[in-house]
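Each in structure tokens, the structures are laid out below.
Shared between the two complexes below is subunit A, which has subunit B as its partner in the first and subunit C in the second.
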Partner chain A sequence: MSKIDIRVGGLGGQGVILCASIIGKAAAIHDNKHATLIQSFGPEARGSACSAQVMIDDHPIGYPYVKSLDVLVVMSRDAYKQFVTQLKPGGILLYEEELVTPGAMPPGVSAYAIPATRFAEQLGRRLVLNIVMVGFFAGVTGLLSEQAVEKAVLSSVPKGTEDLNLRAYRKGFEYGREQVESRRLESAANGQTQQSFAI
Partner chain B sequence: MKADPSGVLVGTHFIDGDHAACEGALAAGCRFVAGYPITPSTEVVERFAARIPLVGGVFIQLEDEIASSIAIQGAVWGGKKVMTVTSGPGLSLMMEHIGLAAITECPCVFVDVQRGGPSTGLPTLPAQADMMQVKWGSHGDYEPIALSPNSPQECFDLMIKAFNLAEMYRVPVFFMMDEVVGHMTERVVIPPADQIEVVERRWTAKKPAEYRPYETNGNMVPDMVKAGDGYRIHITGLTHDERGYPSMTPATQDKLVRRLLNKIRLNADKLLDVREEHTEDADVTVISFGITSRVATAAVDDARAQGLKVGHARLVITWPFPAARIAALAERTKVFLVPELNMGQMVQEVERAVAGRAKVVSIPHAGGTVHEPETILAKIMEAAR
Partner chain C sequence: MNLEEYPITLTLKDGLHVTIRPMTASDGPALLEFFRSLPEEDRQFLREDVTQQEVVARFVANLDYDTVLPLLAINEGKIVGDATLHRTHRGWSSHVGEIRVVVARAFQRNGLGTTLAKYLVRHAISVGLDKMVGEVIDNQVGARRAFERLGFHPEAVLKGHVKDIHGMKRDLVILANDVSHIWEKMEAMVADFSPTFGG
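Moving on, here comes the complex of A and B:
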């Protein structure tokens, strides 16, 4: 696997950093890859712009910043606007569909939408929206083993909330898988070969 | 001696450099920390405050960095391994007490998670601009030790080394992180306690009536005692004789200051930690430390892929400066490139060591982010022409 550059963006309080951290942890601890996470956030505890970058590679990571993105995960309109131009042509955009309305994107970007906040509310707590997004990331990209991400979720959430978070993760994962599958069938029906990800 | 298992959080973790530094300190046996929180170092003490009740020890948040840097020295004479943690503005406040630690030979670790300066500067963004401050910041002549980690794993590993060196040489040891290394999260493997070597304080074997606190027994580093063990000692920032009593004569001053310097200078070969890659055939050698070494590695790898004879010497122990090793590299290398997140500090040491035998080029950066690998690569190409 060559280096994968990921950014997760949203608002403080949405669990942006934890979302990125679980992705990195799954890769670095449970999938035996190298992962580096760098976060940036404003001075406010809630509501300010917040983002984290995660690099995943088979080799040790040197330069610690991402410059262009293979995958962008956004949970706010501002994060979308700020980072969409960093997506590589052919990259993947994952977005919270009730919070982000995508516009122009670099060529060949595959965009996948999920009502993550609504799903989280249906599961019982809006707080787990970030874990739904983790599942969605894993389901759509297939970059990490399912088991690795599950383990990373379980070791990252507060005790007593494991079941809820696992359900949130699986909801996002299955929704992601379904979308990838339906696109595959759609393109097969149109006689096209399935678009392979830039990654 | 092996580490005390109670402080060792064995396992594979995904944590940032600040947290890893804290775990390194706990594994090394640090049981007293005094500090005043400051970005980007706060997470070190935040974690220590949460962990230390489970391990057994003390964390005190004090009114400022002046108090913190003296409280740790009190705890040393109470028998503890200690550290304080800060960033540039706090380090500036600690300067007088760093001198006290140097003259009283108080083993302690000062963690500096560097951010852009001067003054309040860039609280949340990186720099490596305190390198000369830790060498020269307190008045008078002394030789500190400084280490520069470049990853969370090294924040753990090298922190243990920092504590061990503090005990071996009885000097203030500076742990020179930066905002990127501090806030970067990566895999950190913490081995079992029986795989971690720690250096314990060397207590005197002498009886109270025979003990003289600054008598050296030939190895330049005196043995220690702690409060409560029945030894009468006097610890002072004044120039003192072997008994520890003030003796303000040129002869005592000369003997004391020479020993403070020589215990480091004459052990420079033991304090050498330069990690080299491809230096054996290098026409151009990049010299770097801390986070900049990771950017330099990317640039050097690119240049080697293009067939250029480029080497990389990474300073892990930055003070004492490895002048003899750099001088040896100058026998072969024609150009040294020194990227650093300051406007040209360690490059001066490189120039001194090279002494005109090769060209030395500074690649300065005012901080706020790291160099672009392309910037270093362009300088390598220019130097190789």
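Moving on, here comes the complex of A and C:
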């Protein structure tokens, strides 16, 4: 796998940094890769802009700041506006469909939407929205093994909350896989080739 | 705990094996037999006359695990325990679940009641409930101890609230287990605020 630049953006209180941290942990601890994490957040615990940069590579990473993004995960409109221009042509946009309305994007970007907040509420706690997004990331991109991300989720969340977080992860993962599969069938029907990462 | 993990077979303190699983629509006759086998002094704690076929038929006909999750304990094909988690999805107590447990006399004092309640507590946490309550009569020492082993504590006593089969008024003790602290840790993790988190 060549270097993958990822950014997760949203608002404080959505678990943006935990989401990015789990992706990085899955890669570095459970999937035998290298990963870095850079986080930035505002002075308030809730509601301020927040983002995290994750880099994943098969080789050691010398410079941890992402420049152009292979994958952008956004959970707020402001994060989308701020970071969408950093997406590489042909990159992947993953967004919370009830909070973000995508506009113009770089050419060839594949955009996938998920009602993560609604799913989290249906599962029992809005709090696990970020874990739904982790699952969606894993399901759509296929960059990391399902088991690696699952282990990273379980080792990152507080004791006693594992069951709900695991269900949130699986919900996002399955939804992501369904989206990719339906996109693939659609492309095949139109005689096109589905873009994917070379891992 | 996910329901797909059932059935679960386990060995009790006295070496007896039981299988625990959610109630299904075909459990009506066995459930009626179980309730009818209970001594009258045990049935007095139940809210309905469960020796009536139509009452049990209603239980199995209206199964909705999201509202009432009934777990059965089965030994040698017979139901020997029934525990239920009751919750409402609207109103001011939608964060609270109520646990009720009834166990056959031959299976009391061997940990079965505690075990059934433990699975329901785990399920309640996994569906995002903040608090669980259970009701015992002041002289139900074993049941009270079982709840207390799972973190419940007396929160209210309703004096002379129930009458036993001898017509004697007894106190109803409401035991509660507040598990919201588990989610407070998760809330802190998704605050996107701590300068040390994820670093």
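Basically, the second predicted complex is superposed on the first by the 195 of 199 C-alpha atoms of A that agree within 3 Å, B and C clash if a C-alpha of one lies under 4 Å from a C-alpha of the other, contacts with A are read in each partner's own complex, and residues count from 1 in each chain.
The rule is simple: a contact is a pair of C-beta atoms (placed from the backbone, for glycine too) under 8 Å apart; a residue touches a chain by one contact, two chains touch by 3 or more.
Since this is a predicted model, take the numbers as computed values, not measurements.
Colleague: After the superposition on A, what does A:127 contact: first (subunit B), second (subunit C), both or neither?
Modeller: A:127 sits against subunit C, while subunit B stays out of touch.
Colleague: For A:37, select first, second, both or neither according to whether it touches subunit B, subunit C, the two together, or no partner.
Modeller: both
Colleague: When the two structures are overlaid on chain A, which partner does A:86 contact: first (subunit B), second (subunit C), both, or neither?
Modeller: After superposing on A, A:86 lies clear of both subunit B and subunit C.
Colleague: Of subunit B and subunit C, which one contacts the greater number of residues in subunit A?
Modeller: Subunit A has more residues touched by C than by the other partner.
Colleague: Figure out whether A:164 sits in contact with subunit B (first) or subunit C (second), or with both, or with neither.
Modeller: second
Colleague: With the two structures laid over each other on chain A, which partner does A:50 touch: subunit B (first), subunit C (second), both, or neither?
Modeller: Second partner only, subunit C.
Colleague: Who does A:145 touch here: subunit B (first), subunit C (second), both, or neither?
Modeller: It touches nothing on subunit B or subunit C.
Colleague: Name the contact category of A:21: first (subunit B only), second (subunit C only), both, or neither.
Modeller: Both subunit B and subunit C are touched by A:21.
Colleague: Taking the contacts subunit A makes with subunit B in one complex and with subunit C in the other, which residues are shared?
Modeller: 21, 37, 39
Colleague: Enumerate the contact residues on subunit A facing subunit B in the complex.
Modeller: Those residues of subunit A that touch subunit B are 21, 24-25, 28-29, 34-39, 61-65, 152.
Colleague: Please give the residue numbers of subunit A that touch subunit C in the complex, ascending.
Modeller: Those in contact with subunit C are residues 10-18, 20-21, 37, 39, 41, 44-46, 50, 52, 123-125, 127-128, 130, 156-161, 163-167.
Colleague: Okay, in this complex, where on subunit C does subunit A touch?
Modeller: 1-2, 122-123, 125-129, 179, 182-183, 185-187, 189-193, 197-199
Colleague: Can you tell me which positions in subunit B touch subunit A when the two form their complex?
Modeller: Listed in rising order, the residues of subunit B that touch subunit A are 12-14, 180, 183-187, 291, 294-295, 297-298, 301, 369-370, 373.
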